[in-house]
Each structure stands twice: as structure tokens, then as C-alpha cells.
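Two complexes follow with chain A in common, the first pairing it with chain B and the second with chain C.
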Partner chain A sequence: MSWYGSFAALLPLDNLGHYLHWHFIDISIANVVVIALMVITFIAALLLPFPGRQRRKENP
Partner chain B sequence: MTKKAFRPDVDAPEWKGGYSPYDIIKEGTIALVVVALLTLLLAIVFGSPDEHAITIKTWSNAAPVDFATTALSELNGTSTTAQYGAPYNHGSTGPQLGPFTLAKWAGVRISVNTVNDFVIDPLKSQPSQPALSTALTQWSQASSSERAGWVADYTKAAGKMTFANGQVMVNSTNAGPVPVFIEDLTQMARSGALDQALITQAGFYTTNYTMPLLFLADGTYLSGLADHQHLTGDQWGMMNETGSYPGQAWLWLYTFWYQIPPFNTSANADVLVFAIMGLLSIGLLVTPFIPGLRSIPRKTRVYRLIWREHYQNQEKT
Partner chain C sequence: MSTTEIDRQWTTRLRRRAAGKLPPEKLLPDKQPSYVSSWIYVFGVTTLAALTVVIATGCLLAIRGPQWWHSSSVGLFVNSLHLWSVEIFFFAMVVHLWGKYFMAAWRGGRAMTWMTGVVTFLTSIGAAFTGYVSQSNFDSQWISTQAKDGINSTGVGAFFNVLNLGQMLMWHIVLLPLVAVLLTAIHVLLVRVKGVVPPFEDVPKATK
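Our next item is the complex of A and B:
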């Protein structure tokens, strides 16, 4: 196995996935994680202050 | 000439304040580098699924009875492909939207005769074998009713089909050359020769897998594997990938329609969902022209959250 192959073996994703079922909704845990990360990123983009705001001052 | 009234949804007020310099190239470069490093890191740490391609050879060795039964369905005209309609044949009207027979209008563009293309022609491509040559001659010289009788006889007996000692076993009595066809096609498939025979690409590179894919899709083996991996239409399969790899989450709305009535039971679900998504996409495109909908950003005031420093400064002054 190549050196990068041993890295990939740390978290292999070729095993059968786990799924959440609720009524007609059927979603993989992997997709839930990705969606949660997207929502967190969106909220962070809204709430985190702009970088360098101390240096930037609006002209009157 | 009277001045037009200010329309808050459409008109932008003239900015009379100051301007701040902003380096968008710098921001773009930082974003590119961060995303590239993140991609590299995730690609190293996570192993991606590496599913081997399913071929007819794989299928016929793993499930020979399913293959032989599917081959028979191609011969007796009961397979999905045989009854699909356009663009493959005239087996049915095909997908339609209300009174609009869209597939029929487009016509037969990729002609598929399942009897000849999937069974007879591949067998003809085999090196000379006395029993097969005799069977092919018998088939070619028979009338349509004789052929139909043989196929019907074999179909009747095929309900108890088994596979033993490397051979397809069916107790048919008056099936003419059909047992030889099914047995030889199965052996051809198990050797990998049928995969090659069904590839119809004329060019140097082989990229047209239409025929083997249609044949594969007519059986239950491929759909069984897809079902196991949560990839079928009624499992939100459009959103999923093989293994536990994240899939195409952004296709949630497209695949959502397939889960609810009337789409989950409709034979025309593909066309209906395509039409709905087309309408919704047009709606999104013309949002700036739809009163009420276009006011949502202004009324939710999310922009004031993003640019809160600016509005705080404005309130101070």
C-alpha cells in the first residue's frame, strides 16, 4: 500500500452507509453531516465579523 | 414631466456616503488556496469508494438464472427494453406529459430489437459451433408463429429454471432452438464474450455502452445492487453515493418529488418531475419580476445583519 493509501485507510468510506428514516424521508448520515456543515458555514458567514474591520474605517 | 415614485422593491437609492477600498483579488486568492488545501487534506484522509464496474460477465456468473431469465424476456418481448417505446422501439407510447406524447414525438432514435440485438446477433458472432449453427438456421427458416410457439413453450417451462453443473436447466418439450440459444448465450455471457458483442461503437475508442447497459437494467441483479446501496429512485437515490460517501445533497428537491404521490406511482414520473422542476427554475429566474417574492430579502432584513457595522455607524451619525 502506498503512503497516501495508508492515510485513506484511516477513515475509509467504502463501507455501506448508515441512513436515517422518518416517514418517506431517507437520508444518509454522510449527507446530514455535509448539510449541517453547510448550514453552520452559512450562519458563521452571517454572524462572524468581517476580517480586518479594525483597520477599515468607513469614510464619512 | 413628473418624477416617478420610488419603488423599494425595484429601485436602488443613490449612495451619497463614502467608499472603502476592497481587494477582491486578494479575497479570491485566499479562498482558492484554503479550498485547495482543504480538498487535498480531505482527499488524503478519507478513502473514496471504488466500486468495480458491473458487466454482463459479472452478472451472469453471480446470478446465472437471473441472466438466463432476462435473456428469455428479451426473446419473448416482455423485458423493460422490449416494451419501453421511444427512443428504442415502438413497444409503447413511452413517457408523456398529459396529452403530449413527448417520447413518441422524438421518435425511435436508438433502434433496439431485443430479439436480434440481444440474442440472435450476438450468437451469430460466435465461432462456428454445430449445435448453435443448426439452431440459428432452424430459427431463420421458421415462420413467426413457429418462433412464437417455441418461445411460449420455453417461457412456460422456465418458471422452474435452475442452474446446475454450469448449465441452464429447463424442462421444455417443444421449444425448438430456444434452449440452445439461452444456454449458449449464458455461456457466452459468463465468458465475457457477450459484453464485447454488445458494444456497438464504430470508432477506435469504446464509449457506447447503451446495449450492455440496457440488457443489464432489464435483469434484477443490477437493481438489487442499487437497492442495497440506497441508489434507487424511491430511496432518494439521486442524492446518494456508493458506500458511506456523501452524495449530491443539492438534488434534494429533484428527488423529493419521486417520494410523494402521484409521482411515486406514476409511470411518467420522470417527465412530470422534469416539468415541475422546469417551472420552479423559471420561477427562480424571474423572481425579480414577481411582486411579494422579490420583497423577501428587503423585508427579512438579513442584509442588515451582514452589514451591521455599517448600519450601526449610520445610526450613530
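Our next item is the complex of A and C:
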């Protein structure tokens, strides 16, 4: 198997996708993962300190 | 030509209006208020950067054509760059719009900034959809046959037929990118005209 073949084997995309069913909600796990990553990114953007912010406060 | 005639020329009037609303130091500012130094402000420009890559790789795909992007390794690579920059574009755009939603960034006469954002978002969804059905592979066949009944039931099937590959490709590479890029330009210029929205505490009571 080529190097990218073994890399691709980590994330098999040839099979049927996995789905989450909850009442009327039907969503693929891939989409749930992307939504979770967006929420995590959003929270991180609010909480992580922005480089250079402290310095600017000291000499306005 | 008299001065009144010069004053009445559309070029004169447009120049004065543009220079009044967007003087160079407002168009390309060198400083921003301190509250802008937060990661949440990075997502607008991330969206813009991703859109630039989407358009650039899309142009490369257009030059070489489907045979190339389906079968050569460089073609497949450029095709992947196009897809993944779209993924980053939507990801960043969603984080951007959540940020603006919770800042209520439409305050202080910024409704048009918000609304151009909303319409760009909807246009981008259309652009992504027509892109998926333009792939000319089994995936695009599946997507278009799944979508046709829903879309036709709305009545737009008369002029927007998802099974018409040529039409979908033209929407994808001409009409929708044109609208999206135009709206994005207006959106970013509006941000420059209005300046970044101040945090809630900084808004004087009268304008709340």
C-alpha cells in the first residue's frame, strides 16, 4: 500500500457513513464532528488571549 | 466647462461621495480600537482568505477542465484544494457569524453589514450546492437526483433544473461566484465605512 493509501485507511470513506438518529433529527457523525469543532473554535476564540494585547495595554 | 457643470458630472459627484464616506485612512486603517485584539475578529478575514483560495483554485479548474481534475494527480490536488478551502470558508464564516450575532454587530446603523452577510451566506450555500452537482461523477448524480423533487416542488424547477449539468455548472462558475464576490466586497467596505461596532458598555445611552 502506498503511503497515502495507509494514511487513507485511517479514515475509511468507501463505506456507508454513520448516522445519528434522535427523534426527527438525522445527522451524519461527520457533520456532528464539524459542528462540535466549530463550537470549540468559537469558545477558544473568546477565551484564548490574543498575542500583543497585554503590550498594547501597558503603553496606550 | 463651468464649475457648476463640473459639479454636476456623475464622476465628480461619485468621487466626492466615495472620498467623503471612505477617505484612504478609513479604507486602509493602521489602528483599531483595543477591543478588536481578540481571536473572534480573525474569522472575518479568515473567511475572506479562504474565499480567495476558492476563487483562485476554481479558475485553475476552469482552465484545465474536468478530464484534468478527475484523472491527473495535479488536477486532483487542485480539486482538493478547491474543496478544502470551501470547507474552511464555511467553517470560518459560521464562527464569524456566531461572533457577530452575540456582539449584536448590527447595532449603530450596521444593519446592511449584517444583511449583506446573510445574503452572502445564502448565496454561498447555493454556490456549494451547484458545485456538488457539477462534479460530473456518481456523487453529483446522486445528489442531483436526491435534490430534484424537493427543489422542483418549490416551483423554481422551471428555470433552475438540478438535472441540467450545463446550467448547474454555469450557476456555479459564473452567476453565484459573481454575486458572492460582489456582496463580500460591499460587506467589507461597509465595515470600513461604519468602523468596528463598539462593545455594549461603550455605547452612549442615547443610541442604545
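Structural remarks
What we mean here is this: the second predicted complex is superposed on the first by the 52 of 60 C-alpha atoms of A that agree within 3 Å, B and C clash if a C-alpha of one lies under 4 Å from a C-alpha of the other, contacts with A are read in each partner's own complex, and residues count from 1 in each chain.
The criterion applied here is as follows: contacts are C-beta pairs under 8 Å (C-beta built on N, C-alpha and C of every residue); 3 or more make two chains touch, one makes a residue touch a chain.
Computed from a predicted model, the values in this text were never measured in an experiment.
When the two complexes are overlaid on their common chain A, residue A:Ala30 makes contact with chain B while staying clear of chain C. After overlaying the two complexes on the shared chain, residue contacts for A:Leu10 are found with chain B alone; chain C is out of touch. Once the two structures are superposed, chain B and chain C can be ranked by residues of chain A touched, with B on top.
Within the superposed three-chain model, A:Ala44 lies in touch with chain C and out of touch with chain B [touch as defined at top]. After overlaying the two complexes on the shared chain, residue contacts for A:His18 are found with chain B alone; chain C is out of touch. In the superposition on chain A, the residues of chain A contacting both chain B and chain C are 34, 38, 46, 50, 53, 56-57, 60. Those residues of chain A that touch chain B in the shared complex are 4, 7-19, 24-31, 33-35, 38, 46-47, 49-50, 53, 56-60. By the touch criterion stated above, chain B contacts chain A in their complex at residues 17-20, 44-51, 228-230, 235-236, 239-247, 249, 259-260, 302, 305-306, 309-310, 313, 317. By the touch rule above, chain C contacts chain A in their complex via residues 34, 37-40, 42-43, 91, 94-95, 98-99. Taken in their complex, chain A has these residues touching chain C: 34, 37-38, 41-42, 44-46, 48, 50, 52-53, 56-57, 60.
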